[in-house]
Amino acid sequence: MLKYIGRRILLLLPVLIGVSFIVFTLMYITPGDPAAMQLGEQATEREILQLREQMGLDDPFIVQYGRFARDVFTRADFGRSYRTNALVFDELITRFPTTLTLAATGVLVAVLIGIPVGIISATKQYSLFDNAAMMFALLGVSMPNFFQGLVAILIFSVGLGWFPSSGYSTPMHMILPAITIGTSSAAMITRMTRSSMLEVIRQDYIRTARAKGQKESKVINQHALKNALIPVVTVIGLQFGYLLGGAVLTETVFSINGIGLLMVNSIRMRDLPMVQGGVLFIALTFSVINLGVDILYGFIDPRIKAQYK
Amino acid sequence: IGCGDEAATDTLVVAQGADADSLDPHATNDQPSSRVMKQVYESLLNQNEDMELVPGLAEEWEQIDELTFEFKLREGVMFHNGEELTASDVEFTLLRALESPDVGHIVGAIDPDGFEIIDDYTIRISTVEPFAPLLAHLAHTASSILNQTAVEEHGDDYGENPVGTGPYMLEDWTRGATIELTRFEDFHGENGKMENITFRNIQEDGNRTIELETGEIDIAYDILPTDISRIEENQELELARDLNFSTVYLGFNTEKEPFDDVRVRQAINYAVNVESIIDSVMEGSGEVATGPIGPMVWGANEELEPYGHDIEKAKELMEEAGYEDGFSTTIWTNDNQLRQDIAQITQSQLEEIGIDVEIEVLEWGAYLDGTAAGDHDMFILGWVTVTGDPDYGLYALFHSEQFGSAGNRTFWGDERVDELLDEARRSAEPDVREDAYMEVQEIVRDEAPWLFLNTGEDRTGLRSNVSGFRNHPAGHHPLWDVTIEN
Amino acid sequence: MSNNILEVKNLKKHFKTPKGMLHAVDDVSFFIKEGETLGLVGESGCGKSTTGRAILRLLEPTSGEVNFEGKNIVDFNGAQMREARKNMQIIFQDPYASLNPRMNLGQIIAEPLLINKVYKDRQKVTERVKELMDTVGLTPRLLNAFPHELDGGRRQRVGVARALALNPKFIVQDEPVSALDVSIQAQILNLMQDIQEELGLTYLFISHDLSVVKHVSDRIAVMYLGKVVELSDYNAIFRNPLHPYTQALLSAIPVPRVDAPDDMIILEGDVPSPVNPPEGCRFYGRCRYRQDICKSKTPELREYEPERFVACHLVEELQK
Amino acid sequence: MDVKTIVPEKRKSQWAEVWKRLIRNKAAIAGMIVILILILTAIFADFIAPYHYSDQNLDNVRAAPSSDHWFGTDNFGRDIFSRVVYGSRISIQVGFIAVGVAIVVGGILGSVAGYYSGRIDNVIMRLMDVLLAIPGILLAIAIAAALGPGLVNVMIAVGIASIPRYARIVRASVLSLRDQEFVEAARAVGANDFRIITKYILPNCMAPIIVQGTLGVAEAILSAAGLSFIGLGIQPPIPEWGAMLSTARVYIRDAWWMSIFPGLAIMITIFGLNLLGDGLRDALDPRLKS
Amino acid sequence: MAKDLLNVKNLSIQYSTDEGVVKAVDNMTFEIGVGETIGIVGETGAGKTTTALGIMQLVPNPPGKIVQGEVIFKGEDLLKKNDEEMRKIRGNKISMIFQDPMTSLNPVMTTEDQIAEVILLHQDVDSKEAKEKARDMIETVGIPRERGKEYPHQFSGGMRQRIVIAIALACNPELLIADEPTTALDVTIQAQVLKLMKRLKEDFETSMIMITHDLGVVANICDKVAIMYTGYVVEYAKVRDLYNNPLHPYTQGLFGSIPNVEADEKRLNPIKGLMPDPTEVPEGCPFNPRCPKVMDVCKSVLPQRVEVEDGHYVNCHLYPPEEYQK
């Protein structure tokens, strides 16, 4: 098991290098001179050239990337922001907890809603509850985060004044964004749980459990659930990544000072080191979560654990 | 921890739309940073809200010759790190500023070899050429005086560890969220009124208003035009509206047909209903611009007659110019909501005189390159006369030596204007300068290389219990005298 | 020997798996005479299908020879192989998986003809397809039917028609009836028999069902864990199985007769894993008669009596 | 030479079955109707919309919904209803083209990877892993930034970001199909790789692709709107719903209709596509139907 | 009759599907005495599994529904029992082994836990004892008791089927229903399992319903046999009677279809045609379209059960009830 985890972690490295290369390339070909962006509208050409040279932007692509990759992968040095000259790593680390909390609360909300509703829906297939739950789930998936955020602000902040509309300092601040970001995931998890549960309920071993004289509730909770959870766990893992991405929009709507907002601003400002660092951070987090999901599998499903040797 | 109401009154919370990039005056020139730095640093001179030069770190100054000024520094001025300000800090600071791509142009007139330290409190600064606006430039936040020891000690991280002589010093900075300043008790002048000032970054413009309404913040900068009435009608709030140094214009590429014809340019000035643009896009904020610089800038010509909205006149001029059937052209703009909105309205209004406009939204770098190279037809830009001196607002934009990236993207030049601008830049006589600038503005108005749009304003929302705040036309407002009443 | 249409020599097929090298087929040799049916039996996973596939080079053999009409097809290049395949075809076990669900019967049966460009004239293709359908007992009405509309028996007939399209001489039948119900199974078995007689075909008939194999085969090869352990005439094998495994296998068949003697030889344990099998007789672990030599030395398949091949060190002893 | 010549009659295929199952599903029908209305709206926008999407009326800005302007007007006095109607064109284009691109590219990559396995597979799938390690919207944002704003670029950005998903689906299907007996049978009668991939494998992985594609269109529309929302997508005055929402955000307290209607348009579209996608999933996989 | 353990009377079970109503079991009648083993034989879709589920009251509903009949177990009609009462019977008095050993076990539970579960449910023991008993059962079915800690995927097919048997027999049921317990297994493994079942059946004195399509297996293990065709029992008799003298043409056809290992026949004698679509079972005798001895009456009248000899029942017009009335 440990060896397996070790190997998986080693395998992360090439993925991250790939991620950094792609992002670097994208940002490199992105039109717009970071120097010009930084200096603002009233800068002169001479100043821009001067800054370009200072930033090392005149070096060939491969030299620039090489320099970056070397610093990141050998010394965990993400460099300094073009815009603020602050250490990218520090900037990310201070914002990371915010984004992670946002995504994690979102996932938590999603799991707390999604799994129970999914189970009930599956066990009461085609009932009123099932139909209603599926409709809501679909609506949840269909509602764009940013729209939902706006509507939530409109209703709960502007209209009712229950929650603050921006920032992320107190638990009160977290409620609307977390719900906003969690809804679509809740919907996904509900649907996944339901269909996985329906699949499992048809299996022979469920029939076996019933044939033992087991109570229906226990058949569901003891036999079906654990088996049904396996694909759901993947979805939860994927949702986490999706939410990390979704944070970009949600943080914009709610002015939350997380990595997502930072990314959007940095991309706009062509703050290449910051974008690089941020995407790498998110990719790393996402990969680690996926690794966690895989390990979790082992605990849920002994068949998979056997393969981890 | 005991952060009750009592403590709250000791802290002034100010919100703006972005975090400061850096608190190193030489590393950035953006407004959010300047607004913070204004509280932390001082310059040799200050410009008050009425744009008069008043003593800052320099108690007095005099012009020695055409090129040289001598400054007498205040004695006993302490930096936040406990060191005393001396003339060498001034030389060090300005030399460092000269090197900076971000603010170099502000002090660019200074001769790097032209510093002369007479004693610890006396320094002479020379320019390469005669440069009348030097004092105004030295009053800019980019010319804030830094402490040499602190700069050298922190190196690359100086931007997060600023050391100035101002009434407030940096206590804590959560990147992207808040900057907390605390009173510098050894300030040489009258101490700041509030114990702490917190700058909050609230990027979403509407949210600043909301939080001002809920009382989470005391001062909100850059209130949306759409929120003006909301604040004005609210008993608990006040709105400070004052014109500032900014101008928005739509430029013509006068090297290209048909904009090489002054009649076409004038026709467009007549055809566009600027007032309606200001009303719809900017909710009537600011004023219709009548010339290239707004009334807050010293030497602004307030006698200029606005073109006004006159379709008939416009059509006449078009006909005279031989464009009775109009023509097709483009408006360039960058990814800026306001400018895109302006472009859209202009587009639909120009249809009336037969001009068929296509809007091209360019990415900022491409926009700059294209307009510098003269690939454009019409374009929308803004300009802030940061020093409050007309030289800054006119020279780069209308001098024929400044074509392209240097600032004159209309490629419009006029010998008389060149002459006047040069003269005003050199002259030490304010009257001579003023006369020259008046004439320049008249010519520019008549020749219309721009469609004059709008002089901007600062809109600062205040809780009613906040007193002592005044907008500074440069956009960075000193908060030393602000108090909150209970 | 010239009437051997197929000779397989030392055929091996190994698969790389995470756990090690899987010896699916390990040094198998046999021959098939023209016009006869060789039955290949053995338990699940013993390598029957792999053998069949390797013979057609649907799986590349790891080593060994497959001589078809005297030529070793393992050395054939693409074009030669395509030519050879016209003469050797295969029918699969699963009537559901062996037909492309997106093609109708006409298309499925025409595929071999089209791919090999047998006819220039499209009309001829259609005629031939109808003829084939007739041969296997499918009404032409089904030409446009899709596989999912058919039952297993009919599907299997389609598989047969497809295999016959190119007029092959030799057909590998990989458990063609094991997925079918008994009544249908009997119909298909009869069909195969008829076709064989009519067209003079040679079959390699793979199955795990001994009674079926016995019914259709002239000679029978018994496989165990990648190896052929016994190969003889069907009568001989059933009357007097030589290998202890064959004996156990035969005794284990439940006979549909009330007073059948209850003399099953129950083998202990399961078939061991074919991954990295140890030296010695593969059957060692489950054999009633095992001796030390069986553990250390792999028994070769040898001719114990004329036309009777067996791979066991102890045959002579046991036959006494 | 095509087999169709042998079967001149109309092809009654499994699709007929799927269709039968699909139209028995009420939700799927609702979804289809929504999509149909959307498509018709897009086609006949010129007739449906009472105004052109860029007609301004600065004397009537941000007017509340009324009989003249069903959905009210925006900050330029443009008719929001007309803009929402025209917006359907944009969304449909973005959704379908982006997904089309992703399916084609992803399909080719996936089938090559799955069919040949080994090193090619490794290279392709590692590349996909890399793309998958970046959350889709973030990747789309980065690509959109690199390409610059504009309709085509948005399609490309959203399309590229969803390539890995299709590559994976196709690869998985190909892997499971590759060793199916009917594929082997084709090989046994001499079919070459190209024929096997195009006639045997790809037609049989259509089901998951179609389902994923339908849901993918929904997601593509969402992503495009998201891009526009943060100013990296389709630029005004093109009436893209996300861009409309983005503009409307500033006015949310004064003119709710500016955000509600484009928002609802997005939602209903996505909802319809999801209903249809779910219906298709059930119809294509009878096993899921209890 | 009184000593009958189970009496199934006129049991009919239907599934309603999109394609129509499937009469999976129709008017089924048979009885099992204490200690007796009855085989139910039939081809795919004949309704064998459904019969078993009907007895267990486990027919999935929807789409399945028991439309009529009685299932009298030890004098009580199971169909009249509520859920709670049925649960006490399932796994305890009546146990069932399902067809596929690969899928009948919960993949995420250890095997001993799965056996212990049924013991805990029906016996008054704590979980430690239950586990201990579970391990005993594992040993009883011939697997080392330590392996109880392992998961199903670590076992081979034959061993899994033994675990399934252990679960079924853990509470010493009076009736064991085995639904094709060896179909998925190889012959040598099948032999092992059959032998085990025979032994256990004797040891535990359990009555058994053995569902299979293999006439060999029936001969090997059963006392009585019922032949099913499209939901009907067409023939029901003691094994010896049926094998020596199959009466129904379908039964005869089945015997003609299987190759005989012992004889050397060159050609099989199969039943012609195909099983009818389950939603469109022909009128009259369902076998009439395929029957070589079909008569006019067969096409319209459903034949009744006739006792041709003592305990040898057949549903066929060839045997008119009048002739065999006692």
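We just call them A, B, C, D and E in the order they show up, numbering each chain from 1.
Just so we're on the same page, a contact is a pair of C-beta atoms (placed from the backbone, for glycine too) under 8 Å apart; a residue touches a chain by one contact, two chains touch by 3 or more.
Source: prediction; values computed, not measured.
Enquirer: Count how many hops through touching chains it takes, at the least, to reach chain C starting from chain B.
Expert: Shortest path length, in steps: 2.
Enquirer: What are the mutual neighbours of chain A and chain B in this structure?
Expert: Touching chain A as well as chain B, we find D.
Enquirer: Comparing C-E against B-D, which pair counts more contacting C-beta pairs?
Expert: C-E
Enquirer: Using CA atom averages as chain centres, what separation in Å is found between chain A and chain E?
Expert: 52
Enquirer: When the C-alpha atoms of chain A and chain D are each averaged to a single point, how far apart are the two points in Å?
Expert: 22
Enquirer: Measuring centre to centre with CA averages, how many angstrom lie between chain C and chain D?
Expert: For chain C versus chain D, the centre distance works out to 48 Å.
Enquirer: By the touch rule stated above, which residues of chain A touch at least two different other chains?
Expert: 31, 158, 252-253, 268
Enquirer: What are the residue numbers in chain B that touch two or more other chains?
Expert: Each of 204, 210, 335, 363 in chain B touches at least two other chains.
Enquirer: Which residues belonging to chain D are in contact with no fewer than two other chains?
Expert: Expected reply: 148, 231, 249, 252-253, 290.
Enquirer: Name, in rising order, each residue of chain D that touches chain B in their complex.
Expert: Contacts found on chain D: 54-56, 58, 61, 75-77, 148-149, 231, 235-237, 247, 249-254.
Enquirer: Per the contact definition, I'd like the list of chain A residues that touch chain D in the complex.
Expert: 14-16, 18-19, 22-23, 26-27, 29-31, 125, 138-139, 141-147, 150-151, 153-154, 158, 195, 198-199, 202, 241-242, 244-246, 248-249, 252-253, 263-264, 267-268, 275, 279, 282-283, 286-287
Enquirer: Could you pull out which chain E residues touch chain A in their complex?
Expert: These residues of chain E touch chain A: 56, 58, 83, 86-92, 95-96, 98-100, 103-109, 117-118, 121-122, 151, 153-154, 164, 167.
Enquirer: Considering only the defined contacts, which chain D positions touch chain C in the complex?
Expert: Counting only chain D, the residues touching chain C are 1, 3, 5-7, 9, 11-14, 17, 180-182, 184-191, 195, 199-200, 203-204.
Enquirer: Give the list of chain E residues in touch with chain C in this complex.
Expert: These residues of chain E touch chain C: 43-44, 156-159, 186-192, 194-195, 213-220, 239-240, 243-244, 253-262, 264-265, 267-272, 274-275.
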